[in-house]
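Here's the structure we're looking at; comments come further down.
In this document, chain identifiers A, B, C, D, E and F correspond to the written order of the chains, with residue numbering beginning at 1 in each.
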Amino acid sequence: MSEATRADGRTAGQMRPVTIERGWSAQAEGSALISFGGTRVLCTASFTPGVPRWLAGKGTGWVTAEYSMLPRSTNERMQRESVKGRIGGRTHEISRLIGRSLRAVIDTRALGENTLVIDCDVLQADGGTRTASITGAYVALADAVEWARAQGHIAKKAQPLTDSVAAVSVGIVDGAALSDLAYVEDSRAETDMNVVVTGSGDFVEVQGTAEGAPFRRAELDALLDLALASAGELAELQRAVLAEGR
Amino acid sequence: MSEATRADGRTAGQMRPVTIERGWSAQAEGSALISFGGTRVLCTASFTPGVPRWLAGKGTGWVTAEYSMLPRSTNERMQRESVKGRIGGRTHEISRLIGRSLRAVIDTRALGENTLVIDCDVLQADGGTRTASITGAYVALADAVEWARAQGHIAKKAQPLTDSVAAVSVGIVDGAALSDLAYVEDSRAETDMNVVVTGSGDFVEVQGTAEGAPFRRAELDALLDLALASAGELAELQRAVLAEGR
Amino acid sequence: MSEATRADGRTAGQMRPVTIERGWSAQAEGSALISFGGTRVLCTASFTPGVPRWLAGKGTGWVTAEYSMLPRSTNERMQRESVKGRIGGRTHEISRLIGRSLRAVIDTRALGENTLVIDCDVLQADGGTRTASITGAYVALADAVEWARAQGHIAKKAQPLTDSVAAVSVGIVDGAALSDLAYVEDSRAETDMNVVVTGSGDFVEVQGTAEGAPFRRAELDALLDLALASAGELAELQRAVLAEGR
Amino acid sequence: MSEATRADGRTAGQMRPVTIERGWSAQAEGSALISFGGTRVLCTASFTPGVPRWLAGKGTGWVTAEYSMLPRSTNERMQRESVKGRIGGRTHEISRLIGRSLRAVIDTRALGENTLVIDCDVLQADGGTRTASITGAYVALADAVEWARAQGHIAKKAQPLTDSVAAVSVGIVDGAALSDLAYVEDSRAETDMNVVVTGSGDFVEVQGTAEGAPFRRAELDALLDLALASAGELAELQRAVLAEGR
Amino acid sequence: MSEATRADGRTAGQMRPVTIERGWSAQAEGSALISFGGTRVLCTASFTPGVPRWLAGKGTGWVTAEYSMLPRSTNERMQRESVKGRIGGRTHEISRLIGRSLRAVIDTRALGENTLVIDCDVLQADGGTRTASITGAYVALADAVEWARAQGHIAKKAQPLTDSVAAVSVGIVDGAALSDLAYVEDSRAETDMNVVVTGSGDFVEVQGTAEGAPFRRAELDALLDLALASAGELAELQRAVLAEGR
Amino acid sequence: MSEATRADGRTAGQMRPVTIERGWSAQAEGSALISFGGTRVLCTASFTPGVPRWLAGKGTGWVTAEYSMLPRSTNERMQRESVKGRIGGRTHEISRLIGRSLRAVIDTRALGENTLVIDCDVLQADGGTRTASITGAYVALADAVEWARAQGHIAKKAQPLTDSVAAVSVGIVDGAALSDLAYVEDSRAETDMNVVVTGSGDFVEVQGTAEGAPFRRAELDALLDLALASAGELAELQRAVLAEGR
């Protein structure tokens, strides 16, 4: 694999500037406006005591997520899914991915019979919207859990969060493995992989797709190496942001 | 009518702090993030050459608007309309109001066979989301028209914008006429009126509703006085914001 | 403003012939077939003991309305909303307006935990369908309230109806303020205003829209004068119709 | 089979009073308000030059029908299908039946490339709404065909209508075969049959259903005898109504 | 009527080869893969203790059916109804027909408060899909009833099945009455009739439709004769299949 | 990792019996009824000349897929998505996965402006429905391509299929890596991975999900080893099945 000359001057393993504006929303129990370069996602966490009827009385909580893009978050305006009257496959798929990723680091027993809904609304899209969503959603979630503890909805000593979680997209572009693909890179990638990783460095999700030619095992390994490194940086940033007073 | 003691210390005719962040979106042809106090709306204008089929060949353009609220823009999370599978009556009503308000200051012949779609997405709601939307939408629209002129889609000398347009909500709370109602005021108002006014001070829309007791003509007149004064301030701000280089 | 020469020979402030056929339906608890000239609307009121779940146990009743047009009530056949699979914005908007107008003259405490649904189905449309609907709906509502009292669902001495309510459309056509616009006038109006007024002459709703040029305050005042006069005539007719034995 | 003592005093083979108010609608190309006793259906025929795209260029016309019930046409209010967001099976089934029945007496070649849509809206329901719809729809259709001929859309000598068509419901109630079931009879019928018959006395549709016990061939024969007799009366009435000047 | 020369060499009254593969599904409480010539339908019966809420506490059970075609069961691929977002009229109509046919031979009191849902999924369609569905559904239903008895959900001595039921399509093609129409015959039939018959030879449903010219009473009689004969053969086959050990 | 004692006696790397009944459908251009143990999926390929409008004139073809489960393919009956009125997220996700997997081995230029729709309908589900679908879909696709070549829709020398494709689910159950999970295994798996592999042994998709605890890199590697081995067996079977005369 050759070393990439990336359009924005980054090295192969370098992420775009990542910023997390914690507590952006005055109303949500937790929130974060996260940017991965030009990609900006508003993540809010809504806490409600109680669980959906099918879970009631089991002593466990529920965490779910919804992802959506504003119609003009993209280069060309998309039709709203509310106007179409139905949610597309891609939206469903990403909402489910975010929900699974968060549940992987939540101990739903420790959460008690409480519900957390995380909304990830893409205000501006430039590649990596699902990975930015997961990374920002964790921060919103963590704040909502602390809010619920302060309000007495969660026991003082309970530890519903078992780890942190972050995600990064990696891919093979012109034969080179690159981290955190911007839109122009993503649309040309031969292979595109989204990797969700815990703060401890274990995998929650690995989703690799050959967009062009099928990929070889060595390529898969190179992509996983990049993903683990970038996810480590994101975990570090999450920790720093959450360490500040709210 | 008694003088109001407003929760946030404003006088009866005083608006909340209004800010307009022009060009917030890197992708839209025109955009503005507008705040009326805690209410924040992202307005984007999308320009497309051509018109819907039913208008083709008539030499006139088309301007339409869509309004939506993020699920956690409110104190309690609302279900997404895309998830419900249909758009509610209130959303329809406000989208139509914004569209009519903008068309009142557009000369669709001068616009030529071009389409402008204005999206108003409420990121945070604290009363007056529809009036903030109209006020911000005008700024996004004005920028998109200039963009289209610069690109040659609109003739150099054409004047599609015949005036500016802004909107304010006024209402009677505890017997007093107040301007720019915040959520806590709006939910207690006996009468609630949304007024859309051109930069020249004429009416585009007057929508008054008795929430409690019916209202008398003298009350209606007092509300219209307040609305015209506040709308004049908004028109001034729009002018100032648009006077800056983009 | 010049004096209008109206196509059907009316003076500016004159309404079309208005007739109310009370008790048209053999099945509904209250009903009225109302005509404003060529506009004919069948209004039925359905009474049910009990309220929707979200209201239960609060000791108050519920009144709501649904408006719809038969597909061939218009000059050109429209597609049914049931066939489209969704209700359009205009239908939603008018249904909500009718409901709000009726609730303005209902004391929901005196109604008790009972529900009234008013259906307004336009059989033939020639302008003013929403104002005819509100005016006829009041008659159907009044009869359903009396029916419920006779059945013992409402206390003998309770007075759920606090006033009557009627509505009229007024507008500026060729510079003249006219009352009760027929379709050919409505489609040419520069400004169109729907005004809902109680029997006591106070406002419930004022909805004015500039269809062409924005309107000036003096025009607004002239329209309100016309509306109050015509609404007074409608209130008189409602009183006369309801005074007859059922 | 015993002789029935019917609740409204009719003999077994006697229909309820049938009236047809031709030309009820001022706007439709043909219309009829038909009553079978307490059942009242407004039938309108809408003519449009041209055919749906899939038929274009084949030289044949198109006739279709839509059936619907007003929400309070029944004893208890039903939810609107437009509100539910979908059309129920029964509505679909009846709309298709009406369409097929009308197409059985239309020569679509003689109709030319023109479309007729027949709307049957039930204003009040007391059994037999589908058979009243078919019978009234034929009158509306006949008038719309004459309108189209007068306008020159259909050739002077063309005979698109090959026969008349009418329908009647018959059934077995308490062991007796009865014609034109009212709602109270229909809901107790062991067997219910809708029969669509041309003016010449041939069958277009025979739809018999055992609601309780299966029925024997002799019962089927008795029902068909009744149906043919009643349909003959309806054909006579249609002829008389259409013989009057419009 | 002339004697038919049928494309596949059958005589007028002869059915195509009929096979029933009982217990095709390992999971359903009853199942049958039925073929009428090239038509293949998978019928499954799902048993659940309890009834829908509106039936609870009345001591009676519930039997319902759903019919659907695989998208490529036909010569040209059809769009899925799940993709269209709504079920078409034909599907509704057939589902309702199957349900009524089965309920005609079920004593819902003897069934107790239990629910049976029969799914008929057409894997391959060559005419007669609704009649094959009914015939196969009966076999699946019978097995599910026995399963429920064995499990103790139905009393040992209860006889929920009062008779068997089968169905056949008959029609007039080129003037001749034919039994069990294949697709090429069905599409050319002047009259098409679906007849549902109990094992005892009584009628449950008779649905005759003139596709071309209306039909005379003699033709109706000839079709009924054929239908009764073929239904008798199907009843015989059902009996034989169910007599084998499961 | 310990050696698994699997409920059905298989070794860790052993697949269930796999059978492919090629040409099951008489109507589709290609078809296969595939079984992975108790999982049975009917795959049909529908060929149509031409492409969707948005692709027209680009000289490339289109391949897409739709996945669905019969309501009683599962242990408990599921509601039909056509009845719900919308397709769930899981269905969308799998349909998209199948489509991408097939497109990875199709040269759309060589296909020419032709469309292939692959339907995968699960008749019986016992784990691995998506992997069985992909594996069977390839066989149906291959036959449809040959059909199109024979009909002259595809050039004699064109090679639209660049490789074969198959899929297998692997997972970690009780600490052991297992191939081709049956439903009872899948529902207990800590990690679940679906792997799509070409006949040449390269990856098309790798989708691993931690259902319980996050997984380590060594576990990921063990799963990939199993998947490549099983996929090789499936490729061999596909080759053998397609080598037989159709």
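Everything that follows uses one rule, which is that a contact is a pair of C-beta atoms (placed from the backbone, for glycine too) under 8 Å apart; a residue touches a chain by one contact, two chains touch by 3 or more.
Heads up on the chains, UniProt names are A, B, C, D, E, F = Ribonuclease PH.
Keep in mind the model is a prediction, meaning the values are calculated, not measured.
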item: Shared chain contacts [chain C (Ribonuclease PH) and chain F (Ribonuclease PH), defined touch]; value: none
item: Far-end chain from chain E (Ribonuclease PH), centres as C-alpha averages; value: B
item: Of all other chains, the one whose Cα centre sits farthest from chain A (Ribonuclease PH); value: D
item: Intercentroid distance (Cα basis), chain E (Ribonuclease PH) paired with chain A (Ribonuclease PH), Å; value: 51
item: Centre-of-Cα separation between chain F (Ribonuclease PH) and chain E (Ribonuclease PH), whole angstrom; value: 33
item: Interface hub residues of chain D (Ribonuclease PH), defined as touching at least two other chains; value: 85-87
item: Chains listed in ring sequence, where chain A (Ribonuclease PH) comes first and chain B (Ribonuclease PH) follows it; value: A, B, C, D, E, F
item: Touching residues (chain side chain D (Ribonuclease PH), partner chain E (Ribonuclease PH)) in the complex; value: 86-90, 92-93, 95-96, 100, 104, 163, 193, 198, 200, 202-210, 213-217, 220, 224
item: Residue ranges of chain F (Ribonuclease PH) touching chain E (Ribonuclease PH) (in the complex, touch as defined); value: 25-28, 31, 38, 42, 44, 46, 48, 66, 68, 70-75, 77, 80-87, 91, 117, 119, 121, 123-124
